[in-house]
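First chain A sits with chain B, and in the next complex the same chain sits with chain C.
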Partner chain A sequence: MASVIGEPVSAPAAGAVIERRRRPLGNPWRRPWGLEGFTVLYIAWSILPIAVAVLFSFNKGASQATWQGFSTKWYVGGWIQSVANNPELHQAVIQTLRLAGLTTVICVPIGVAFAIGIDRWRGRTSGGLNIVMIFSFVIPELLLAVALFMLVTQLLTFIALGTTAEVAGLVVWNLSWPAIIVRARLVTIGKTYEEAAADLGASQLGAIRRVLMPMLMPAIFASTVLVFASTIDDFVIVEQVSSTAATQPMSVLIYSNVHGGLQGPALNALATIMLFFSLVVAVIGYVAYRWMTRGERKAGATEALTSIAGM
Partner chain B sequence: MRGSSRTDHRRGRLLWIGLAAPGAIWLLVLFVLPFYAMLSVAGGGINAFFQTSVPIWNPLHWSTANLSMVWSNIVGSGAFIGPAMLRTLIYTGIAALLSLAIAYPVAYFVSRYAGRRKALYLVLLIAPFWVSYMMRMLAWIDLLQQGGFFNKALSSVGLPGNTDWLGGKSVTVILGLVYGYIPYLILVLYAGLDRIDGSLLDAARDLGLSRWRTFWRVTVPLSKPTIIAGTFITVLPMIGDYYTNQLMSAAPGTTMIGNVIEGQLEAAGQTGQGAVLSLMLLIVLLIPMIYYVISTARASREYA
Partner chain C sequence: MPGGHVQLQSLTKRFDEVTAVDDISLEIEGGEFFSLLGPSGCGKTTTLRMVAGFEPPTSGSIVLDGVNVARLAPNRRNVNTVFQSYALFPFLTVAENVAFGLKYRSVSKAEITTRVGEALELVQLAGYEKRRPNQLSGGQQQRVALARALVLRPAVLLLDEPLGALDAKLRRTLQVELNALQKQVGITFLYVTHDQEEALTMSDRLAVMNRGKIAQLGTPEQVYSEPTDAYVADFLGVSNLMDATVETSGGAGPCRVRLGEFVLGAEAGDLRATGKVKLAIRPERIHLHPHESTGANQMPGMVERLVFLGSTTQIFVRLANGAALQALERNDGKGLPYSQGTPVRIELPADALRVLPDPGVGVSEIHEETLGDLPLDLATSAAPHS
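Let's turn to the complex of A and B:
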C-alpha cells in the first residue's frame, strides 16, 4: 500500500505521476511476469498439440506417437492410403471446398442485403426479423441441425439430403455473421453520408451503391472470410444432412474414422490440409483487411486481427 | 413536393423490404419452419411396420406419446436420460468455470500489459480459432492414446503410463470441452477488456488503490457483462455438443444430452423421442438465449 502514488501529494510525487501517465500504452506499472508466464503456458497448451499432429502427418510409419522419419507419403504417396490416391479422402477435400464456396457465394450477399434492409426499414417486422437472426446466432448447432433434418426429410422433401440440404443449412447457420457485422458497421456509419449523397442528387439505390457499399467493404470482407472459414470447419449440420459418402466433407470424414476405419497419419494429413486452407483464408483476410482500412483512424494490426475473427 | 417525397418514402420502404426479403425468407423457411417440423415429429406417431416416425402437422392433433416415453426415461426406473442431463450440467459447469479461470487472466494480460507484443500475442490467441475443431480434437486423441506422448511423459517421471485416457474418463471429456471452446471465450473477453477505458484504472491507482484492488474493484465489475456474454457463448454450444464427448470417450458412462439426442435420431423408431428431447433442451436454453438476445439488442441500440 505504501506506493508513491498513495502518499500525500508532494511536488515531486505529483511530477512523477504526470511523468508516468505520459508514457505510451498506458502502462506505468512493472510488467506482471506471473500473468505473462501464465499466458505463454496457455498458448503452448493450445498450440503444441496441433503442431504435433501436423508433424505426424509427415511420419514415415503408421504411428501417431512414434517418429519414424520424414515422408510425404500420406499426402501424395502412390498408395491407397494417401490423400491424393484414396478416393474417399480426396473426395472429402473437394466436397469441403464446394460447400465453402457455394455457402459463401449465397450467404454473404443475402446477409449483407438483409443487414441493410433491416437497419433502414424500421418497424415491428424488421425488429422481429432481427431477433430471429440473433437467435440463429446463439442456438446450439445440434438443435438447428436436428430440426433441419426433420424439415428436409418430412416437410420440404424437395430439398434433397446431400449437397443441397447441406448448403441450405450452412447458409442459414452462417447468415448471422454478415448480418451482425455489417449491421454493426451501419450503425457506426450513420445516415449522414447517404443524406449528403441524396442532397447531391443521388438516388436511394445509387447512394447505397456508390457511397454505402465502399464504406461497408471491410465489414463485408471480414464476414466473407468468417463464413468461408466456418463452413470449412463446420461439422454438426453437415453430418446431420449429408447423404452418401460422396457428400461428406473433411470434418465428417475425420470424425467418423477416428474410432476405427481409416486410421494413422492419413487423417492427420487431411486435417493438415484443412488447416492449410483456413490459414490461407486467414492470411488473405488479414492482408486485404489492412489494405481496405488503410486510411482509417481506428485501423491497426490488432483491429484487423479481431475483425477477421468476428470480434 | 410533399406528395413526391411521400412516394419517395414509400419507394424507399419497398427497397428496404426487398433487400431484407431473401435473408428473411431464408431464415423463416430454414430456421423457423424446421422447428415446426420438429414439433410435428415430436407430437407425431410411429409407423409400426417401418419403424419410421409419422409427423402430425395439425397442432390440434398432436399426441403426447413421445413425450410420455421420454418422461419415463428421464425419471422412471432404469432411466438413462435423467443421469445424462445431470452429467451435462456437471460437465459444462466445470468446463465453463475452468475456461473462465484460464481465459480471464490471459485475456486480461494481452489487453492490458502485452505492450508492443500485443499483435503477436493476439495472433497466437486467434490461431486456434482458425484450426478446425476436428483437427484440434484429433491432436489430443493422438496425444492421449495408450502409446501416446502423454502416457510416455507420465511414465518418464515415474507415474503409471498405461492409462486409457480415451476409454470413458470424465476428465478427458471436460478437458476436450475446455480445449475446444476456450478460444471463443478468450476472444470475447479480450474484446470486452480491451474496451475498458484505461484512464479509469489510472484514476483508481492515482487515488491510492493497489494494483490488486484496482483489478477487483474496477476491472472486474466493468467486465461483468463481458464475462456473462462470454460464458453464454461457450456454454450454449457445450450443452449441445455430442462430438467432443464421442471422440474423447465414446463410453456410455460419460453420455451427455447431445449424445442421447444423436443416438435417438439414429435408432429406429425413436426420432420422435429425439425431437421431444431436442425441444425440451431448447426450452431450457431459451432463458439464457433470450437474455443474450435482449442484451445484444440493447447494446446495439445504445450504439445507435
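Let's turn to the complex of A and C:
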C-alpha cells in the first residue's frame, strides 16, 4: 500500500496504487507442467512395450520384430500354429481359466469368513492374524512357491503336483485380498447396521445374511475380481508346482517358449489373450463396484479404483 | 396403557478398568417420555445400549413389564432403537426398511403393506416408499428410522441422540413433532441426549447423569429450578457458580453467606448448610444497576465483555474478588447502558441465590466436566475458563 502506517490516510489519487508483479516462477496457480509431463512419460514407458507385443500378435509373418502386414492367423484360422489350433496353447488357455476359476471359488468365501472372524475376534490373537495377513504381501512369492513344492513332494504327498497343488498354492497366496478388502469394508460399515438388524428382530445369522452380506457385496466382488485377475497373471507358484504340459497355464508356457522361439507371434497372441482377460475382469469389477455402491454417497470412482486395485 | 414399564435395578457396566455405568436404579412409567441427560462419557448411551441389549450389563437387572430382560438378546426384547446415525439399510427402499422387522413377526403380506403405509403416514412420509435412504434429507431419514421402529409397536422406544446430526432449526421442529408423536402413540420413550434444551422441553421426567451415576432425577422444572448439586446447576443451562462460606446457617429462614468481603442473603437451596458451599444463580436472575445505586444483596463490579446473542445480550461482569459472573439482559430495542469497562452494581436477589453442597472441587473443574459437547451458548460462556 502506498500510505505509511501511522500517517493519516488520505484518499489515494488515481494511479497511486503500486502494482507488484509476481516473479516468473512464483506462480502457485500455474499448470504443473513438470509433474504432468513426467506422468505422461511414465504411462507411455509402461504401456509402449505392451502395445508393441500386442501389435506383433497380429503380424502376418512369423517374425516378432519385423512388421509384415496385419493378420489374425496367430489367433484363429487354419494356420497350424494359431492359438486355437495348437493343442498345447489351447490347453494353456483352458488351464489358466480353470485355475483362476477354482482359486476364486475357494479363496473368496474363505477370505470373507476370515475377515468377519478377525473383525469379531477381539484381543491379541486377532492382531496377530492381521499381521499374518499382511505377511503374504511382504514375503517373496518364490519362497512360498519353493516351500509349497517341498511340502507337497516331501510331506503331504497325497497332494499331487499339478492342478491340485497349483490351486492350493494360489488360494494361500491370494487369501489376503478378500480378507483385507472385506475387513476394510467391515470397518467402514461399523457395527451399527448389524445392531439395527438385531434390534428389529434378526438373529445373529439373520443379521449377517440380510444386512451384512448385501453391504459387503461390493468388497466381495472387488476381491473376486482381484483374485481372478491375479491368478491369471500368476507365474511363480504355478511354475514350481505344475507337473505335465497339461497343467501348464499360459504364463508358464510363454516363459518356457519365449527363448526357444517355437511359436513366434502365437506367443504374443497368447499373452494378448491373457492381457485381455485381465483387463475385462478389471473393467467389469470397476463398473460393477460403482453400480453396487451407487446408493452410498461416499463410494466414488476413486474408492472403486482403489478397491479394485486392492489398496 | 399398553405396558412399557421399565425398572433399572443397580445396573452397572464396567469396560476393563472403566466403570461406564455405576449402580443406577430408576423407574420409568408406561407411556412416559424419560430422558437421560449428560455430557459425553457420562454413561447415558451405555445405559441405553444395555436396555436395547447391545451390551450385557456387568451386574444389575433391567425389568421390562415384570420380566428381567438383562440377559436376553436384542431380538428377544420388545424394545426398538432409533440410532443417532439412523442406521437405515442403504440397499433397501424406504418401504423395505420399515418392513424389515415385520418379517420376523407372524404378519401377513397384506398386513405388512398396511402397517408400513400407516407408519409412514404417522411420520408424514407417505409417498416416499420407493426412495432409497440416500435420496432423503437428514430429517427425512430420521423419520424413516422412527417409522421403522414404531411399526413394530414396541413397549419402549429407545432414542440415542436422534436429533444430534440435524441443524438447529430442523432440530426444534422435530422436537415438537417427536413430542406430539409420543403422546399420540403412547409408547414409553427413553431418550438420550447431551442437549439440555432438548431434554427440558421434551421430557416428562429426566435424569441428569455424571460419571456413570444419576446426579438428579425429576421433572424438567424441578431439575432446572431446584438443582440439588453444583454439577446439575452448571450443566442445565448456564449457571454462575461461586465459592462461598456460610456465615449464619438459615435453618427455616434465609441464610447468610460470605462471598469475598461481602455478605449476602440466600433463600434457595440447602439453607442448613454450614462451612464451605457453592452458590449458584442463573444469568437471567442477575440484575445490573448503575454503580451509585444501593440496596440489599448488591456488590460492585465491572463490565468485562458484551456478547450479542440475538434476543438477549450476555454480559460478563468481574467482581472485586476476581470472580466472573454472567448476566443476561433482554434486547428490547432501547440499547444497553453498559459497555466494556462500565462500573456497575450487581444484584443477586436472595430468592434466586441457591446454596449448594460443596462437591470438594473447584468451580473450573465442574465447568470442565460439564463441557463434554455443549451447545453454542455454553461454549461462549466457558471461554474465560479454557
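The definition used in the following text is that the second predicted complex is superposed on the first by the 275 of 311 C-alpha atoms of A that agree within 3 Å, B and C clash if a C-alpha of one lies under 4 Å from a C-alpha of the other, contacts with A are read in each partner's own complex, and residues count from 1 in each chain.
Methods note: contacts are C-beta pairs under 8 Å (C-beta built on N, C-alpha and C of every residue); 3 or more make two chains touch, one makes a residue touch a chain.
For clarity, every value in this text was computed on a predicted model and none was experimentally measured.
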(request) Based on the superposed arrangement, let me know which partner A:P87 touches: chain B (first), chain C (second), both, or neither? (result) neither
(message) Between chain B and chain C, whom does A:I232 touch in the aligned arrangement: first, second, both, or neither?
(response) first
(request) Tell me which partner A:E36 touches in the superposition: chain B (first), chain C (second), both or neither. (result) first
(message) Looking at A:F149, would you say it contacts chain B, chain C, both, or neither? Reply first, second, both or neither.
(response) first
(message) Per the contact definition in the header, classify A:A202: touching chain B only (first), chain C only (second), both, or neither.
(response) second
(message) A:G101 in the overlay: touching chain B, chain C, both, or neither? Say first, second, both or neither.
(response) neither
(message) Under the contact rule defined above, give the chain A residues that sit at the interface with chain B and also at the interface with chain C.
(response) 204
(message) Taking the touch rule as given, give the residues of chain A at its contact with chain C in the complex, in rising order.
(response) 192-193, 195-204, 206, 210-211, 214-215, 295-297
(message) If we count contacts the way the header does, which residues on chain C are in touch with chain A in the complex?
(response) 52-54, 73-75, 79-81, 83, 85, 87, 89-91, 100-101, 103-105, 132-134, 148-149, 152
(request) Over in the complex, which chain B residues touch chain A? Could you list them? (result) 8, 11-13, 15-24, 26-38, 40-41, 53, 55, 57, 102, 105-106, 108-110, 112-113, 115-116, 118-119, 121-143, 145, 147-149, 152, 179, 182-183, 187-188, 190-191, 198-199, 201-202, 205-206, 208, 210-211, 232-233, 236-237, 239-243, 246-247, 250, 258, 261-262, 265, 271, 274-275, 278, 281-282, 285, 289, 292-293, 296-297, 300, 303-304
(message) Can you tell me which positions in chain A touch chain B when the two form their complex?
(response) 1, 3, 5-6, 17, 21, 25-29, 31-32, 35-36, 38-39, 42-43, 46-47, 49-50, 52-53, 56, 63-66, 110-111, 113-114, 116-118, 120-121, 126, 129-136, 138-144, 146-151, 154-156, 168-169, 171-172, 175, 179, 183-184, 187-188, 204-205, 229, 232-233, 235-236, 240, 250-251, 254-255, 258-259, 267-268, 271-272, 274-275, 278-279, 281-282, 301-302, 305-306, 309-311
